[in-house]
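Attaching a single structure in structure tokens format; questions to follow.
Going by the order they are written in, the chains are A, B and C; count residues from 1 in each one.
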Amino acid sequence: MIARTTMIAALLATTAMAAGAQELRIGLQDDADVLDPDQSRTFVGRIVYTSLCDKLVDISPQLDIVPQLATDWSWSEDGIELTMQLREGATFHDGTPFNAEAVVANIDRSQNLEESRRKSELTSVASVEAVDEHTVRFTLTQPDATLLSQLADRAGMMISPTAAEEMGVDFGNNPVCSGPYQFGERVQQDRIVLNKFDDYWNADAYAFETVTFLPIPDTTVRFANLRSGDLDMVERLAATDLAAAREAEGVEVATATSLGYQGMTINVGNGERAANPLGENAAVRRALSMAIDRNALNQVVFEGAFAPGNQPFPPDSPWYDQDHPIPERDVEAARALLEEAGFSDGVTIEVQVANNPVQMQVMQVIQAMTAEAGINIELQAKEFATLLADQTAGAYQASQVGWSGRVDPDGNLHQFVTTEGGINDSKFSDPEVDRLLDEARVSNDQATRKESYDAARDILNEELPIVYLYHPVWIWAYDDAIDGFTAYPDGMIRLEGVTMSE
Amino acid sequence: MLQFLARRILIAIPTVILISVFVFALQKLLPGDPVLAMAGEERDPEVIAYLREKYRLNDPVPVQYLTWIRGVLTGDLGMSLRTNQPVLVLIGQKLPVTIQLAVMAMIFALVIGIPAGILSAVKKGTVTDYAANVVALSGLSVPNFWLGIMLILLVSVRWQLLPASGYVPLSEDPVRSIETMLMPAFVLGTALAATLMRHTRSAMLGVLTSDYVRTARAKGLAERKVILKHALRNALTPIVTLTALLFGELIAGAVLTEQIFTIPGFGKLVVDAVFNRDYAVVQGIVLCTAVGFIVMNIIADALYFVLNPRLRKQ
Amino acid sequence: MAHVSDPATADPVLSAKPENRVWKKFRSHRSAMLGGAIVTFFVLGALLAPVLPIADPIATDWGAVRQAPSAAHPLGTDEIGRDVLSRLIWGAQASLLAGVVSVVIAVAAGVPLGILAGYFGGWTDAVISRCTEALLAAPFLILAIALAAFLGPSLTNAMIAIGLSATPIFIRLTRGQVISVKAEDYVDGARAIGLSTPRILTRYIFPNVLPPVLVQATLTIATAIIAEASLSFLGLGQQPPAPSWGSMLNVAKNFLGQAPWMALWPGIAIFLVVLGFNLLGDGLRDALDPREH
């Protein structure tokens, strides 16, 4: 049977080669959700938008805010007004001109569409007005240091007001934006095809006629498709395939430490289930953190390719608090802490974890590590959907989850540990932390903000409502005929200046 | 004949209603909230509350069921919560993919299963028969998904002969489309080939000992002609009906195969939908598969009726 | 493939026949004996796992992650340095348990319902039969996946899900069997002399239902083992660190390039044990079949 298959394959191989180099085929880990920047919520969706929908501003690989649809901007003295100069000559894919009115309509939609998931990102915006055709002014309720970074993501993506008006909530079925590529077609779980938009203001910088995104969840298969030439680029290569990818002929690799983290969220006040040694006693949480060898974890599960961590920001981030370096594993000290807290016989805790192989592996390694310090972990594997529901409802003791990360440090911290935080599933509450993190939001001065974050870290490191473990590293692998690709810490694929030789 | 069909269809109606109730009830029992599952890491309570209201998830369950059924009767299977696309459109996109896979798998199964069955029956009791049986049983015993993994490992990773996954529509590039489906179809076809082989063998054995085959032999016809012309034609009746029945199962069997080879078909859609709690999609697909299965059953019965002269006379 | 019953099982097994003849026929069936041997081998392995001189199946060794087969680890190690051979042997427990328990559930639920439907007919039959058909029309694996997701991922729940999904097959089989036995003269006779319904059921109906159920049960164990492996493969069955062949494969598929042995052995184990049950089931069917081929 296999012999026959081989023969057919050999016959077919020649026809397969005929595909032109004008197409770029990118393998994604998941299928994107609805293609409407206001309703969208997946990471891969953002990868698609990077080519489809331009934003007011963008980020540099160093996370500085740089111009995109806004060419320049300035803050008023009191930090309440943000005035932006808009790019002239930019148009949406349907020919609607991009101007100040379009920005006003877009912000209005993000704030007021019932299904919009951008509301919380734009809470500080009181009003937006068109000053003239190419100038727009944001008026805030209070100074907001995070606003520009929000406008560098989905909240700042500009969609055609004409199309938005026409399609309403179904905009995602045929998205019309102003990016370098326009929407071609989409087949669920199969592909999203984008075609070059010739009237793009910077069209010359984009080499490919079409960009096709193919969701292939299995990392092994994704990598195999790259090696066989069926894909030109894949995102999120498995860390364990990194060595093989580096050795593989014709394959190039790029990496960037992500903005996100993985950790263990601990229920310290979310309902009755918080009443357990781990939830009630910060010393037990410190013992847990101390019993984990984060470097060994990284070596065993990710072959050392990821970045161990103990804070919401990776150690090489400017926001990282150097006064709290990654703790060395210390089993004796962990035991002593437990003993002091009155648990000389050790404790048993339940940890819920998503039932995917990598996260299971992480938790099994941690399970083995903490057992030596007298912390017995009982693993509860759940489907991700159930895990999230239980976490929100407080039906858990500890939960192994992560966060994809945001450009502004506020996005990695405020909503998780402030009393009213939207995703504060630990239900951690400390007035001092609330005050410090609120303060860090309003100042536009990086040094002042850093001070607030460091002060909050001093408290959070003692209380540990979230035990941080590591920061994933984005790994892209691509055909070595591709040139000019830059790795960004946000994990996006920016195609400006990217070319492929024949 | 018409009367027979009408009765079959009449009986199928309560079955279909029951299926819809089962599927709906099961969905409601699943832990986890679809809106929350969909929200992922960004959970804005306001939006979640709004979406619950919008998709009528706060209504009492029987009301939700009636709403859904009313939609189904008017050809509206609801919307996918995840992508805002109508379920009917999704099914329209996915069904051709899975049918292509099923047809190709069926071809594999027929090409391997029937000749092997005939050979095994004709050479009953010999080493050939014995070997064919062991191979057939092996085909039944090997886990599909493991066979898929092993094929990917060998054919795609080691030898780099066929793509490990990916799907090209038949209309776009027929050659490449068939090429990408070869491995999955083979994997899906193995178990079927085994079932077909075993049934062909037993049907042939029954026919080969029958009177008219003996008569044909007595008339001095060549053995080859006896087997192919007289025996096979009669043995084929149960096999044709079986094939119709198996076709329904094939669609269901595609679940894991599509998962392994990331083929964007029915099976992958439904598994992803279960994991994402995309209720409307799961309901729509299970309902469609079940109806398809029942239709295939009726077709199988009808074929049996048509092909079997004795039944027709009654 | 469980819905399509093989032609022989559908035939009614008539009056009791000498048991030793069945045993003799079974014993002379070479492939059935082979099946029995394979199954015995795995059962022994599963039972003796605690006393065999093998490594601890959940002991991790970070110095030996994904090591190729060697003297210390004859089948290599897995993603966190556990011994694959030892996990394979312990995994037999999960697989066999899943196969047997889920079939016991299916038989315990399906046979009584089938007898009820077949013997009493009428509305009882109509209700049970329509429900059975509805369940049979929903794809087996999709049903099991949805049930397992509903119950939460664990080995016990996977067994319940598979057992419930397999129940309709036994209802239908038993019902058909009961209907054909009911029409026999000796059952009419028993009724005529005033034997109570429970007596008739236990004395005449049940013994005749048993043989085909036994054959189907053996074959369904094979299906159930594959189903458990499939659920575990999707992350819905046995949960780590406890080993199961399906979940071993689930992890292994991420390391096909670097550690193919992780995927090879669990698959072979599933294949062999399922083959064993299939051979055994075939042999049983031939031995219990009143017709001679």
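The rule is simple: contacts are C-beta pairs under 8 Å (C-beta built on N, C-alpha and C of every residue); 3 or more make two chains touch, one makes a residue touch a chain.
As the structure is a prediction and not an experimental result, all values here were calculated from the model.
The chain with its CA mean position farthest from that of subunit A is C. Nearest to the common centre of all protein CA atoms is the CA centroid of chain B. Subunit A and subunit C have CA centres that are 44 Å apart. Subunit B and subunit C, compared by their mean Cα positions, are separated by 22 Å. In whole angstrom, the spacing between the mean C-alpha positions of subunit A and subunit B is 39.
In subunit C, the positions touching at least two other chains are 149, 152, 253, 256-257. Listed for subunit B are residues 31, 152, 157, 275, each touching two or more other chains.
Each of residues 218, 220, 383, 386 in subunit A touches at least two other chains.
Interface residues of subunit B, counted against subunit C in their complex, comprise 14-16, 18-19, 22-23, 26-27, 29-31, 130, 133-134, 137-138, 140-147, 149-150, 152-153, 157, 191-192, 195, 198-199, 202-203, 205, 238, 242, 245-246, 249, 251-253, 255-256, 259, 270-271, 274-275, 282, 286, 289-291, 293-294. Across the interface of their complex, subunit B is touched by residues 1-2, 5-6, 8-10, 12, 15-16, 31, 33-34, 36, 39, 41-42, 114-117, 119-120, 169-170, 172-173, 187-190, 214-218, 220-221, 224-225, 227-228, 230, 383-386, 388-389, 392, 403-404, 422-423 of subunit A. By the touch criterion stated above, subunit B contacts subunit A in their complex at residues 31-34, 36-47, 50-51, 54, 82-85, 90, 93-94, 152, 154-157, 159-167, 173, 175-176, 179, 182-183, 186, 260-262, 264, 268-269, 272, 275-277. Here subunit C touches subunit A in the complex through residues 60, 62, 65, 79-81, 149, 152-154, 235-236, 239-241, 250-251, 253-258, going by the rule given at the top. Within the complex formed with subunit B, the subunit C residues making contact are 1, 3-4, 6-8, 31, 130-131, 133-142, 145-147, 149-150, 152, 222, 226, 229-230, 233-234, 249, 252-253, 256-257, 260, 263-264, 266-267, 270-272, 274-275, 278-279, 282, 293.
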